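Next, two complexes with subunit A in common: one pairs it with subunit B, the other with subunit C.
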Partner chain A sequence: MVGDFLLVGLNGMTWAMAVFLVAAGLTLIFGILHILNFSHGGFVMIGAYLTYTLINQTSGPTGIFVFLAVAVLCAAVVGVLGYVIDRTVFERLKAVDDSYSLIATYAMLILCEGGVKLVWGPDFIALPPPAGLDGALLLGDLFIPSYSLFVILSGIVVFLVLDFWIHRTRSGKVMQSVALDPWMANVLGININAMFTTAVVAGFALAGLAGGLLAPNQSLSPGLGGTYIIQAFGVIIVGGIGNVRGAFIAALVLGMIDAFGTVYVPEYPGIFFYIAVAGILMYRPQGLLSGIR
Partner chain B sequence: MSRGQNTSSTTSAANAAILAAALVFATLPLWADKGLVFLAGIVMVQIVFAVSFNLMFGLTGLVSFGQAAFFAAGAYTAAWLGRAVPELPFLIFCLAGGLVGALLALLIGVVALRRASGIYFAILTLALGQLVYTLIGKSDALGREDGLVGIKRPVIDLFVGTLDLSIGDRYYYFLLVACGILLGLLWWVWHGQLGRLLAALRQDAERIRFFGVNVRRYREIAFIISGGVTALAGALVAPWSQIITPAIAHWSYSALPILFCLLGGASRFWGPAVGAIVFAGLEYATRTMVGVSELIVGGALLVVVLAMPGGIVGTLSLLARKLTKNGKERLNEQSA
Partner chain C sequence: MVRTTRRNALKLLGVGVAAGALGMPWVRNAQASGPYKIGFLGSLSGPAESLGAPMLEGVKIAVEDINAAGGTNGRQLELVVRDDKAKPDVGTAAARELVGEGCSMLLGVVSSAVALAVSAVLQQEDAVLITCAAHSMRLTKEDFNRNYFRITDNPFMRQRAQAHVMAERFGEVTTWGGLIPDHEYGRSTWECFDNGLKTYYPELAKAEPTISKPVMTTYGGSDYRNFVASAMRDPAVGFFVSAYGGDAITMYQQALPYGFFKKKHPIVDAANEFIVARAMKENFPEMWIGSHWYSGAFTGNPMNDELARKMTERTGIKFLDGFIGEGYSAVRAYAEALKTADSGKTADVIKALEGLTFDSPTGKRTIRAEDHQTIKPVVLYRVRGASNADGIEVVEHRVIDGATVIDPATPGVKLTF
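Up next is the complex of A and B:
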């Protein structure tokens, strides 16, 4: 009984950290630029597909360090893509209405899907976890996939690094000031355009990293971007858009509610996520935490 | 908005275009193949879907990202009733579908319009729409993921006799008339007193509140009308496609009317209609190219949103105004 309880909690935790990995870059970009990037899930998907291709280039069983190196490389590639998109698209979206930027980035999600279909084909692709993460740990009578632990650990590490950057470093503090009052930051001699670009590149790199780390988590298909983005939307809006800590807490809360809800009402899996999102937003429309902090 | 003296010529050009489009739709079964006729029927329904959505979006200024929930509510209600009580007249099914959609809009509106606005409203309606999607996809009575299949085209009792809509292109003409009536209704709402009030809400809700108007109630009314007409469109589509699946409740289906509105121009009544037709044309032209289709549709959308903020209709009318202005100036110069 206790074992079952723990296992459900572990599933919820794995889901939460996977979605947090996707949501982190999304909420970062919104926090600074106030653009809700619909295409974020598409770039996570591109990161995952890139990882698949790169890992298939290496011969023999992939070790965990090769896997991590590939994920970081994908983060860099998607980060560069982010730079290009910042110059060509986001530059023009700063002045327009929220709904317009939502649809412009939705158009980019469609472009991502088209690109993935062209390059990798429309069929499902599976990537096995790397050697060392394909087994399971036995804790008493509890059977824990080691890849789940890896996803949980990755989520926590990414959160700690981001949180340290935003709250404990100079550049993070500067970023906060730009988010709060770009005009004043500009007057104080901060190059706000450089900060905007940094945020976008960092956000996209996080998307690429998430894609790389999560690639073995599920089978890859061109619809993956849409699936990712909807869950990430729920998480960042409940957390308070733009707030990384909020997103982390919201991911945990929603992950647990959904995991336990699915145990008690197995006929409708996934429904508790939406109920929880709607319910929490009813009472806290601005989300659990607000602002970039 | 200031109106120049050339408005009448732009308006008559627009009227001519609407008339031409209506004529094309009306004569389509005479010269086009079956696939195209089917597509045209879907496009007509999607036009009603998009224009009713635009009552919230273009007119009232609220982005609802769960509009597909109403469409699906209408379609599933009508199709399910058609199975449960086939002896009742078809129009009852449609009206019931619209009613269920309006009730659902009332429910979602009460939740979503209470405090949320802007992007929060969009995400909240998205979450609630996905809730409806999940419920439909997991419900045995509604056929789970497979949906409802083999929906019959109805026989309508006209008192003087019966009209069997399952023969030939009859249901297409029925759709044409029904969509025309619904568009007429929406036109009346958009241009009437309610429409003007909603437009004022979009421009300055705070000021309207000071005039003593209950802003939230009027937003709810707009949401209910929008949801109800969308559901009616859904009820009409079920016998046309003869199969409905949970895909019509999915969030990507909710994105369609937003796409049509921005593509065509959300500030005009006919903008979403133009968007729906252009979008269908793009998809039809690229239907066989896997991947390329998405690239073209996504690329076109991105270009329109970035370069033509008024959509196709907005840009065309801007162009027309510039052209007629130049022409008049040149005429004036000549006469001088």
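Up next is the complex of A and C:
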């Protein structure tokens, strides 16, 4: 009984951290630029496909460190793509109505799907976890998949790094000031365009990293971009759009509610996520936390 | 005698324009001369593209073969292709477009939702549709209409055939559970498998099966760990899974570290063909998979061997999906029907298809006249990951005579157990 309870909790944590990994970049970009980037899932997908391709170039079984290095490299590549998109697309969206942003970023998602289909084809692909993460730890009667622990750890590390950057470094604090009042930040001599670009590159790199780290977690197909994105939007809305801490807390809350709901009320699989999102927003329409934190 | 004056010419032109505008089917759908036009409607983009694209290849090969042999009634077949994107509204619009282009004989369709939507407008459009994969029982039951035909098996046949083989081969495994997506197709496959277990275990294994309540899963999810954990806690030993495509890959990947496939055996996969096995390669756990067509099961049938050879030549794929065989068979059915319905008029084609027996890559098939369900062999194979160039191997296959597992023909009446 206790073992079952722990296992459900652990699975809830795994879901929460996987979704947080995807949501982190999304909420960062919104927090600074106030652009809801619909194409974010598309770049998570590109990160996953790049990881698959690079891993397949290595001979023999892939170890954890090689896998991590590949995921970081893919994050860098997607970050560079982010820079290009900032210069060519986001730069033009700053002065226009929100509806244009929605259309432009949705168009980019379609481009991502088309690009993936052209390069990798429409068929499903699977990437097994690296050696060392393909088994399970046995604690008493409790089976804990190593890869689940890896996803949980990755989510926590990414959160801590982001939180440290935003709250404990000068550039993070400058970023907060730009998010709160770009005009005043500009008057004070801060290069706000550079800060916007930094946020976009970081957001896209996080998308690439999430894709790489989560590639062995699910099937890869040109529709992968939409797999996590609904949950990621749910998490950033409940957390308070633009707030990294809020997204982290919301992922944990929603992950636990969904996991226990799924197991203890099995007749309605998956519905508890939506009930929780609706329920929380009824009492806190602004989200659990607000502002860039 | 009518004089040819400018006024009369204008009147005739007006009648012609009005007939076209009103969609008068006897004007649009008569295929009295020139090539017979066949409209392919299938998922060529979107989530079901990897199912629709091979189906289209099977259709193309059949059209090429028939045309190379002189066509039907001395007339060539002309193929017009439209993408339904696996969306009912797009499918309906595409079907109307095809009819507008003179294709009253439609075939293809992967998604049951699209098939149900298109089926509803067939009579209005005076067109016929033969579906090659859509599995909803409603199509030949409560939502049946005379303009719709299914060239392949249905869940009642497929899942009962799977239960038949399990009872025959694994009589000692009497406890069964399921991992079922929470939608109409998932529930329908489970009901049919459950019914098959209850029918065939007492008959073939001389034992009563104990069947657990299935674990219902999400559709299009990213995390199936809790569903797998629930299935692990279930005392059932044998498991039936009807998650499809990417969902199945995600579920199987996440189930591997739990030792699910070591603890639960045998595993029966409802309908994934080789799609999941080809993606997971050597990590693919051993299971029995249902298929529309498997070339290895019909070796020696010239039509089968030739289709497999051509398809492998075109794609380089050795383990071919069954959608190819069904696309091919649908064209063969039309070609055979046109021999007696040479006008190509919808009413004549329907009449010719009802009760038609024709050659296909799986041997002779017969389209049941009452509900337009085809009686054909049901195929399943045991596949597992392997350390070879393909990454997978077929260990064995079974072919069950479709006539022994088919549902009674009850068009217009809902299937109940």
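Annotations for the structure displayed:
Following the convention adopted for this analysis, the second predicted complex is superposed on the first by the 293 of 293 C-alpha atoms of A that agree within 3 Å, B and C clash if a C-alpha of one lies under 4 Å from a C-alpha of the other, contacts with A are read in each partner's own complex, and residues count from 1 in each chain.
Just so it is clear, contacts are C-beta pairs under 8 Å (C-beta built on N, C-alpha and C of every residue); 3 or more make two chains touch, one makes a residue touch a chain.
Please read all numbers here as calculations on a predicted model, not as lab measurements.
The superposition on subunit A brings subunit B into a clash with subunit C. Once the two complexes are laid over each other on the shared chain, residue contacts for A:Y228 go to subunit C alone; subunit B is not touched. Within the superposed three-chain model, A:N217 lies in touch with subunit C and out of touch with subunit B [touch as defined at top]. In the overlay built on the shared chain, the residue A:P122 is in contact with subunit B and with subunit C. After overlaying the two complexes on the shared chain, residue contacts for A:E267 are found with subunit B and with subunit C alike.
In the superposed model, A:A107 makes contact with subunit B only, not with subunit C. Shared-chain residue A:S146: touches subunit C; no touch with subunit B. Once the two complexes are overlaid on the shared chain, A:V96 sits against subunit B while remaining clear of subunit C. When both complexes are aligned on chain A, the segment of subunit C among 60-68, 114-122, 150-158 or 258-266 whose C-alpha atoms clash with subunit B is 114-122. When the two complexes are laid over each other on chain A, subunit A has residues 117, 122, 267, 269-270 in contact with both subunit B and subunit C.
Residue ranges of subunit A in contact with subunit C, taken from their complex: 4, 7-8, 11-12, 14-15, 18-19, 117, 122-126, 128-129, 134-136, 143, 145-148, 216-219, 221-224, 227-228, 231, 259, 262-263, 266-267, 269-270.
Of all the residues in subunit C, the ones that touch subunit A in their complex are 46-47, 49-50, 53, 182, 215-218, 220-223, 225-227, 229-230, 232-233, 245-250, 253-254, 256-259, 275-276, 278-281, 283. Contact residues of subunit B toward subunit A in the complex are 57, 63, 111, 114-116, 118-120, 122-124, 126-128, 130-131, 134-135, 138, 251-252, 255, 258-259, 262, 290-299, 301-302, 305-306, 309.
Subunit A contributes residues 36, 89, 92-93, 96, 98-100, 102-104, 106-111, 113-118, 122, 226, 230, 233-234, 237, 241, 267-271, 274-275, 277-278, 281-282, 285-286 to its touches with subunit B in the complex.
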